[in-house]
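Here chain A shows up in two complexes: once beside chain B, once beside chain C.
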Partner chain A sequence: MDKKSFILKLQNDLELETEINETSILKDLDEWDSMTEMVLIGLVNEEFSVRLNHDDIEKISTVDSLIEIIGFDKFD
Partner chain B sequence: MKVLLTGATSGIGFETLKQLVNNGCFVYAIGRDFSKIELFLKENRSSIETYEFDLAIVDNIENIFSKLDLDNGKLDAMIHCAGIEETTPLIQSTPEKLDHMFNINVFSGIELLRSFSKKKYCNDGASVVFLSSVMGILGQPGKIGYCASKAAVLGVVKSSALELARRKIRVNAVLPGIVNTPMTKLLFESINESQIDKIKEMHPLGFGEVEDVVPTILFLISDKARWITGQSFVIDGGYSVH
Partner chain C sequence: MGAIIRNIEYVFPDQKITNENLLEAFPDYDFDKFEEKVGIKNRYWVTENETALDLAVKACLKLFTKIDSKEIDFILYCTQSPEYFLPTTACVLQNKLDLRKDIGALDFNLGCSGYPYGLSIAKGLINTGQVKNVLLVTAETYSKYLHPNDRSNRAIFGDAATATLISFSEKEYFGDFLFGTDGSGYDKLIVKNGCSRNAYDFNAEEKVYGTNNTYTDNNLYMNGPEVFNFTSEVIPEFTKEVLLKNNKSIDDIHQFVLHQANSFMLNFIRKRLKIEEDKFYRNLSDGGNTVSSTIPIALKNYSQLNNFDEQDVIIVGFGVGLSWSGGLITIKNKL
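Now for the complex of A and B:
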């Protein structure tokens, strides 16, 4: 999956009402809560077979930081 | 006593296997990867027969029974511990995912029971225990598939208990809360310490150990429970009392 498609999927699965890009800070989003975290963990696990743990979630700031945690090599 | 046990290689299933063997039972153990308990199997070779099988392939379950060596007597009990636990929010609970969850947690159990209860495989008065979960009577965000499947198990238990009572075959369910198993270890890795503490606070007696659950299972397959059928036994350190 390329970065652009991932961001679109993220926006869709998290049902975000505002558009996001690489620099958007995920935890600042109005929709961010424990359920959003859960959806994010599920999405990343399903798409990349990467299981985000609590430390990973803590480290996430921007969309780019999430991509870094997942691993750049996982993207086209 | 001859017992068929699923999910025998880890968690509550493995502890059940250990205690059954210690109590002098002969166990037909079903699991996916017996290398995990190789040492225990070596030490107890005369009390256990293993069958490597993936219960997700529901259509092949009847074949397991035709392979059992029952020359010295039919089965007296079946304990179905195999199951999967997943945190999947509603938005990601696709039919495909739910199908997988129900295949292992519900349909495999019904198919096992359908074969087990045939006269050629089990004695009259046999006992069956299904592992449900306290989530079968409660709810939790992100657990739609899991809660639904564990609730379905309770329906299976009640209905089959009535249907099989004419042969005095008893069917019951055990509903554990959070006990320390490889499955719960994975769950705790995805949440932070304050969330873990919060969950712990909801368990008046703290989190359980597999050893806290197995005695009830052994009681239910014993003759001491001969007048108990179609029931659900919650073992959750007080979690569901709230």
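Now for the complex of A and C:
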């Protein structure tokens, strides 16, 4: 998956109303809560076979930081 | 020779807590989204002086309107909300229900994996000719362990008790069961204080986790992301192993009844297993996650709502421990 499609998928699956880009801080979004975390864990697990653990979730700030946690090598 | 589930009954406490009630306490939370994702509309909590045993007695008395209580040869009591440190709650239950004295009674401490465990033990007791009728009770009041400001867990967990009668049968209605344990995850879902390792702490520090949930070590703590990861990694494969052990494929099974933990997670597992929605039970809107009681409640409701003679059902429980278990049962008529 390329970065652009991933961001689009985040936008849709997390049901975000405001448009996001690489520098958007996910936890500042109005929609961010424990259910968003759960959906994100499911999405990343399904798409990349990567498990986001408690510490990973703590570390997430921007969309780019999430991509780094998932691993740059997983993106086209 | 074999065993069969003859009846299941369940009770919720009288105190119903709707999402609207919770919204009053947590006005900033999106409970519509919660209802859509997690699938819970309301849960029931005991009042201060009501215990899991009180619920268990009610569930058993409901069962005894259909069967003779004097038939019971053994009580299996699944709880993590025992009446006392000691004695065994199952012994107290024997007396409260005025059951025979020449019967066995034991508690076992398991959460969401407890029901398949209980069925498997009942099957073992019956198929080895030791007893004819086993009363399997699940009773839990996690609400007592929750911090008043732990929004996430207050929204998810509900109290309940169930009573199942498993009896000797000329024909076998039980398939094989499998189990799994990973104690390295013991602290992913835990009440730390108040038992042997750590005393109850009257000055326990308040901690914040996840999205503004508060708890202390006297309360129940759940590491949601880790529990989700455990479930998504272990349970789909385990469900396949249960099928394999019973020489069945997904197509052979009428219904998959997994522990009703949370609707989103159940759907995630369902998609992994590629099971159609109508064969995968998902309903926790009334009652929420009632720990070891979700599977018997689901079995009861499923059998009441559908007309059939016999159906093969796979049940799988998973959670606190970490612990998981599952097996094949054939259910007959309305339970």
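As a convention for this text, the second predicted complex is superposed on the first by the 76 of 76 C-alpha atoms of A that agree within 3 Å, B and C clash if a C-alpha of one lies under 4 Å from a C-alpha of the other, contacts with A are read in each partner's own complex, and residues count from 1 in each chain.
Note that in this section a contact is a pair of C-beta atoms (placed from the backbone, for glycine too) under 8 Å apart; a residue touches a chain by one contact, two chains touch by 3 or more.
Quick caveat, the model's predicted, so the values are computed rather than measured.
In the superposition on chain A, contact of A:32 is made with chain C only, not with chain B. Touch criterion met: A:13 reaches chain B, while chain C stays clear of it. Residue contacts after overlaying the shared chain place A:53 against chain B and chain C alike.
With both structures placed on the common chain, the touch criterion links A:41 to chain B and to chain C.
When both complexes are aligned on chain A by C-alpha atoms, chain A residues 15, 34-35, 38-39, 41-42, 46, 51-54, 57 touch chain B in the first and chain C in the second.
Only residues 13, 15, 34-35, 38-39, 41-43, 46, 51-54, 57-58 of chain A touch chain B when the two sit together in their complex. The touching residues of chain C, counted against chain A in their complex, run 29-30, 33-34, 37-38, 152, 210-211, 213, 223-226, 228-229, 232-233, 262, 264-265, 268, 271.
Interface of chain B with chain A (complex): residues 87-89, 91-92, 141-142, 186, 189-193, 195.
Chain contact summary for the complex, chain A toward chain C: residues 15, 32-35, 37-39, 41-42, 45-46, 51-54, 57.
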